[in-house]
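Chain lettering (A, B, C and D) follows the sequence in which the chains are written, and residue indices restart at 1 in each chain.
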Amino acid sequence: MILILYDSYTGNTELMAYHIAEGVRNAGQQVIVKKVDDATLDDMVDADAIIFGSPTHFGMMTSKMKMFLEKSNDIWGKLDKKIGAAFTSSGGISGGNETTILSLIQVMLIHGMLVTSPPGRYGVVAIDKPDKKVITACKKLGGRVVSLLKESVGIS
Amino acid sequence: MILILYDSYTGNTELMAYHIAEGVRNAGQQVIVKKVDDATLDDMVDADAIIFGSPTHFGMMTSKMKMFLEKSNDIWGKLDKKIGAAFTSSGGISGGNETTILSLIQVMLIHGMLVTSPPGRYGVVAIDKPDKKVITACKKLGGRVVSLLKESVGIS
Amino acid sequence: MILILYDSYTGNTELMAYHIAEGVRNAGQQVIVKKVDDATLDDMVDADAIIFGSPTHFGMMTSKMKMFLEKSNDIWGKLDKKIGAAFTSSGGISGGNETTILSLIQVMLIHGMLVTSPPGRYGVVAIDKPDKKVITACKKLGGRVVSLLKESVGIS
Amino acid sequence: MILILYDSYTGNTELMAYHIAEGVRNAGQQVIVKKVDDATLDDMVDADAIIFGSPTHFGMMTSKMKMFLEKSNDIWGKLDKKIGAAFTSSGGISGGNETTILSLIQVMLIHGMLVTSPPGRYGVVAIDKPDKKVITACKKLGGRVVSLLKESVGIS
């Protein structure tokens, strides 16, 4: 099962989460989409892969997302070698979207997760409302994570 | 007046804040040291320079610090061209201290602040409890920010 | 005098350099624009402020720019407290333009430079050829650096 | 086969490369260790996983390493989903070692590589000459990459 864990203010990041989920399902894998308000640490432990999303807020994930992830100290070691990826929506080009993606990736690396990305960038980025190109990128990212899972012994 | 705005869990970052404040005072400038719990946005607006500190937590500032800084949208434009600098304490070498410093610097840049650093690094870093070398670096950073303020027309 | 030091492959970053230079001149300050191939370390030492530009190449400045900046070990201490800023042109949104800007800013911080940015972002970014909005942002950045210089005692 | 591709000035990064190689061999996998001067793009294409190392130089990989990696545009798509990791040696704590590691990781992400790290940090870091702790971390990283390869269908 793949977990898509996100925070959203305007609904744009949420929309991306649902498009990524569709990509996961199209590739034949189960998916759970959870806003950070409703998520538990067990959701992360139970998942085979986790795709994290957050709006771009001052060049990093939202404080709510960060607050949730800080608790992940309690599940130290349990995310090791799980596949992870990141996405964000942002109010403008070059207004911190890359560093927001990287703030999520840094958490994954600290947990020893295996980080993947859409080739050519660090994660999927929407400027304002996701357009067609972004929606395609979202679905592709979902499919990509599934393909990586299938290539692993653990799943197949 | 220089504001030192920090968050602290173990007391190490707090200790750094007080050493930086001493450096500011030694250089003949007034300083206010505030833990993020007690700070207001007006504290930031009123300051001529702001030195931000946070423990290293998953490679970035604490969620509490981030939550406070997110509110700074309300004082947009009012930090423009103020001098800023950053410090952090961390549980280990290369465990995210540089990216924590950078997470603070990114907020400063987005606000149009003028970012300064101790030459040779991005900010002052303590590994665990601040040792003599770190304490010296803290005092120096305080003095450095004062010297930059004095060179500005606004203060002198 | 303000130095604009850049590398360019397609000519887009070069174009930005010239627009920033115009912003500097419009604000009444002298400016020298140099491609990295023609620049010397003395150019940096002689400048009151330095604005660095590089194409986005694998999420950081070009190797040619990096090679030049590595030599700046020889002028250690001589860039201290000089004002600096950064710009980049990139082939796509979120393809590494922010981290390219940050790679330049990191060098400035290590040299103890005072880093400024266009409020709202880390530096000026063009996606492909600079459009009207980017050209305006370039001119503004030039003017901004001049206004910061004028507020310093050293220049005026 | 695992490729360890590194640059080195003082010999410290090179030493790390050899310790990582030992970790790879101990885990029963073939390894090739190449200084960037001697490496070809084919070395990267032929490898099942690539571990990149560079000294910390102004907060990022050396220009020589960057120059080599810029050529990797020519093998676009051929590193997709290969496992990657990074290491660096640095002259001081918090002097840019994390951002050097991240500069290498960013290249991996842009190529669509699967990034792994020693849990707790972004990559293995030596401050000056690798000490016992660092040597252990190097060997562990080598072993970790092998274990990830073995869990993949492609290798086993």
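Keep in mind that, in the parts below, contacts are C-beta pairs under 8 Å (C-beta built on N, C-alpha and C of every residue); 3 or more make two chains touch, one makes a residue touch a chain.
Everything numeric here is computed off the predicted structure, so don't read it as measured data.
Participant: If we look at chain A and chain D, which chains touch each of them?
Facilitator: B, C
Participant: Would you say B-D or C-D is joined by more C-beta pairs in contact?
Facilitator: Ranking C-D and B-D by C-beta contacts puts C-D first.
Participant: Indicate the whole-number Å distance between the mean C-alpha point of chain B and the mean C-alpha point of chain D.
Facilitator: Those two chain centres are 33 Å apart.
Participant: Of all residues in chain C, which are in touch with two or more distinct other chains?
Facilitator: Residues 59, 95-96, 99, 102, 106, 109-110, 120-122 of chain C touch two or more partner chains.
Participant: Give every residue of chain C touching chain A within the complex, in rising order.
Facilitator: 59, 92-99, 101-102, 120-123, 125, 127
Participant: State the interface residues of chain D toward chain C in the complex, per the touch definition above.
Facilitator: 57-60, 62-64, 66-67, 69-70, 72, 95-96, 99, 102-103, 106-107, 109-110
Participant: Please give the residue numbers of chain B that touch chain C in the complex, ascending.
Facilitator: Those residues of chain B that touch chain C are 77, 80-81, 83, 102, 105-106, 109-112, 114-122, 148, 151-154, 156.
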